[in-house]
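For clarity, chains are labelled A, B and C in written order, and residue numbers in each chain start from 1.
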Amino acid sequence: MDQTATISTAQFGATDEPGQQPAIALNRGRSRHAADRRLRLAGLAAVGLALWFLVLLFSSLVVTGYSAFTQVTVRIEADLSSLAGKREQEIRDANWRAILRDALRGLAPDLPKRDERAFFALFTPSAHYLLRDAVLADPSMLRDGATFHIPLADTADRFAKGEIERSLPEDQRRLTDVQISHLDRLETAGRLERSFNTGLFLNSDSRFPELAGLKGAIVGSFWLLAVCFALSFPIGVAAAVWLEEFAPRSRFATLVEININNLAAVPSVVFGLLGLAVLLGWFGLPRSTPLAGGIVLALMTMPTIIIVSRAALKQVPAAIMEGALALGATKHQAILHHKLPLAMPSILTGAIIGLAQALGETAPLLLIGMNAFIAGDPGGLLDPATALPTQIYIWADSPERGFLARTAAAILVLIGFLVLMNGLAVFLRQRLAKRW
Amino acid sequence: MTSRPFRPWQKLATAGMVAASVIAVLTTLGIVAALAGEAIAFFRMVPLTEFLFGTRWEPQIAMRADQVAGQGSFGVLPVLYGTLVISLIAMAVAVPVGLFSAIYLTQYASPRTRAAVKPSLEILAGIPTVVYGFFAVLAVAPVIRDLGEALGIPSSPNSALAAGVVMGIMIVPFVSSMSDDALAAVPQALRDASLALGATRAETVWQVLLPAALPGIAGGVLLALSRAIGETMIVVMAAGLIAKVTPNPFDAVTTVTVQIVTLLTGDSAFDNPKTLAAFALGLLLFLITLGLNLIALHMVRRRRETY
Amino acid sequence: MFQETSSQAAAVAEITSGGLLAPKISARRLNVFYGHKQALFDVDLDIFPRGVTALIGPSGCGKSTFLRCLNRMNDTIENCTVTGSVLLEGVDILASDIDVTALRSRVGMVFQRPNPFPKSIFDNVAYGLRIHRLAQSRSELEDRVEASLRGAGLWDEVKDRLRESGTSLSGGQQQRLCIARAIALEPEVILMDEPCSALDPVATAKVEELIGRLSENYTIVIVTHSMQQAARVSQRTAFFHMGRIVEEGDTREIFTNPKDERTESYITGRIG
């Protein structure tokens, strides 16, 4: 084996200094190890790129959207003496626009009439409705005097938050110098307040960004998910139990399995087409409603629930069933009383994750009509509604600059719900997982 | 023994379960029926050959009966081209990033790193696509446009590159997850044999592990491609509306999914060729993704049988 | 039980002539931990060149762990810490500046379950030659593959089907293919981790005969849980018990005249 000797001396390397351990390294090994290092680096770079993108996404959403969580309001006192003692209907029909304008004039006493319009434009155009609704909700205001906080109009709001550069030439910003001086005066007089934008969560959609809120979308999404869960969960679990426990090895069972696996991978827009043609077309369900949307989402979520439930059922040890059957229980009883409860935590976890995916679906809802401007929130399953993702899509399309921040804020709210739901799923999985 | 009084309940329960299972089949049938039904109505108005082989997609149809019929063209090829271009850009991003991530996580990363990074990659799959679409328009498209102009290439605000790159990141988890599973499923014995012969980890990956894991990885790639082709919101928000065949990735193209949405939002009377065209597109989309999914599932199943 | 060839007898004479031959591998104060669990405690062992050294002991006693230290395959296991030194002809292979891939071309390994790559028979044997770039031309590659397959006693059986997959062979043939793959690199040491435990008796006999022939030129360390096999193929034996070496020395001595009562219990079947 003289080859052995050759390899040995070559591998001990040229430097054989006494007292120092020579590295067992071949020269030709160096490029191999370099290739190994390169692969490792490429892998690290790939992971880094994906994670960096994630960070970039979230940070740009936060940077764009955080300002929508606050709002600048102006404090005004309104003279409501003309309404004292009137009945509710009269109050409703009163000339609130005049009341508002008088209150606003009080803020700028020496304003010439021709400049009034520019001044009033600083405040939300719906301010008089806000006054009216506040008084109707709390009639004691008539007696005790009233201070109101009126949101600024979108452009003024953004300026007051510092989003519009003061130093830009006048024709490049949407506010005139005069308007800016008004705002500065109000600021000095302490009448401007920056507070949390509760309207984002309490208001429904509006044409005006400063008043637009997500209440309608959140309620709509809630109803959608409720319908989705109510339909997909029982049907999905029942189908899973049948496939896993009862179905004979027949062609029908295989057909069902293939169908489920394929449905899980069908593009969501195809489900939208299905909803449009079948639910709206054949069955005549009303467009843009939580019922129609919920059914479509249920059809999309059902395959996920079936797959997850089957996996959960598979994991329950056979000993549980054998024990129950040996005591004389029927198969139905054994499953209902023993196997299903043990599998339920996993099934619920999977269902919550499936619902979280449904919460983010947009395309099928657009196709059944949820791309419309809905100014109220749905009272029931058959009222036109919008949902969080479709609201985001509508706002993203809107030209007003104020909707940019609100779209990002709405996305953060949506992601907040998703984090909650996924967190709940993880929590359930860890808490309820029984030790066999 | 004594009689079993619960028989009728059991029969009812079983019937209920079977009915629930049937719903899965019914859904597929419903999809096929709905798509095919409307598509057939469409093909009575527009010949199938024009649809499949026509090279102009201009679906402007007279909206009112009394308008002069500006007959639209319904040739799907330019729309398919847009879908193909954007999907390929997405795959060009997702496959390297996903595959190398999987290689790193299975061969080089410590268990702690792997446990932290793997769920983080899954987050990418959990973000709603409307969010990706918004991000594409907000941050990516302007950068791509500036890049194109800096390179002297005519760029549009809605570029195929912007939509494709963002879509690519979205489908990274599909590739990385299945590649990870495929690589981890290769028996440890093969990895040991290679290392014991003095191979580096890189040589083991390229010469032993990847060839063995190839069916699973290929299945993952096909599923990712199917997802890219069927993706809607990112392209609706970030890609264009005009069907154009252009080799310039900085330019705007439209896709099958964008057209489906555009044709149907607005008036959707069911006897209108515009509306019906959406269903024809939907049928085409369904068949393409079905084919890809079946091949992908078949490949993944084949891999499992080898071991 | 103690079959010998004449060259084996010469090797035995060399080794047992009492330390005149420098050990090929020396382990000194070797400790191995899997996380907090210690698997080897202060192991000292010398492996002498050429001939077969057997490592025996009950399950879980650390013999495979020890074997894997000799080619640093324990590096591939997370949480595995190795302290002490293993000297290969005087060089500590546990040092951090050792090129592990080169080490493994000098110290080869055959595993318990045959693990041929899902490649052709030819490519299986050529794998090591290719990655270490040991053949300068295609014809040299083919020559070395043939030599290795002959050395493993497999050539006649597979020479007409070198293109077929390695996994299409029988269990015993697969293991001999793995041996051919290992000796293609012409290592100085071959480590075998229970190489026959997954084989039927006929295949086992063939592999044992092969081990005998190989031991004329290679240093072989074999882990086995069959004492009869240890007695058949080895000249020196080390008995492991609960992570320590209880007794080691000439194989015949260990089996006929064990000094420690634990050794005796194991050999007579009372433990393990």
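The criterion applied here is as follows: a residue touches a chain if its C-beta (ideal position, glycine included) is under 8 Å from a C-beta of that chain, and two chains touch if they have at least 3 such contacts.
All values derive from a computational prediction rather than experimental measurement.
Visitor: Measuring from CA centroids, which chain ends up nearest the centre of the complete protein set?
Guide: B
Visitor: For chain C, which other chain has the most distant CA centre?
Guide: A
Visitor: Between which chains do we find the greatest number of C-beta pairs in contact?
Guide: If you count contacting C-beta pairs, the leading pair is A-B.
Visitor: How many angstrom lie between the CA centroids of chain A and chain C, rounded to a whole number?
Guide: Inter-chain centre distance comes to 61 Å.
Visitor: Calculate how many whole Å lie between the centre of chain A and the centre of chain B, each centre taken as the average of the chain's C-alpha atoms.
Guide: Taking the average C-alpha coordinate of chain A and of chain B, the gap between them is 22 Å.
Visitor: Mind checking the centre-to-centre distance between chain B and chain C? Centres are C-alpha means, answer in whole Å.
Guide: Centres of chain B and chain C (C-alpha means) sit 51 Å apart.
Visitor: Which residues belonging to chain B are in contact with no fewer than two other chains?
Guide: Within chain B, residues 200, 203 contact more than one other chain.
Visitor: Among all residues of chain A, which ones touch two or more of the remaining chains?
Guide: 32-33
Visitor: Which residues belonging to chain C are in contact with no fewer than two other chains?
Guide: 101-103, 105, 131-132, in rising order.
Visitor: Which residues of chain A touch chain C once you look at their complex with the stated criterion?
Guide: Per the touch definition, chain A meets chain C at residues 1, 3-4, 7-8, 11-12, 21-26, 28-29, 32-33.
Visitor: Would you tell me which residues of chain C are touching chain B in their complex?
Guide: 71, 73, 76, 78, 100-105, 108-109, 111, 113, 115-119, 127-128, 131-132, 178, 181-182, 185
Visitor: For chain B, which residues count as touching chain A in their complex?
Guide: Checking each residue of chain B against chain A gives 4, 6, 9-10, 13-14, 16-25, 27-28, 30-31, 33-35, 37-38, 96-101, 103-105, 107-108, 117, 120-121, 123-124, 126-131, 133-135, 137-139, 169, 172, 176, 200-203, 205, 223, 226-227, 229-233, 236-237, 257, 260-261, 264-265, 268, 270, 278-279, 282, 285-286, 289-290, 293-294, 297.
Visitor: Within the complex, which stretch of chain A touches chain B?
Guide: Going by the criterion above, the answer is residues 32-33, 35-36, 38-40, 42-47, 49-51, 53-54, 56-57, 60-61, 64, 234-236, 238-239, 241-243, 246-247, 255-256, 259-263, 265-271, 273-274, 276-278, 281, 299, 302-303, 306, 330, 332-333, 356-357, 359-363, 366-367, 371, 389, 392-393, 396, 404, 407-408, 411, 414-415, 418, 422.
Visitor: Which positions of chain C touch chain A when the two form their complex?
Guide: Touching chain A: residues 89, 91-93, 95, 97-99, 101-103, 105-106, 131-133, 186, 188, 217-218 of chain C.
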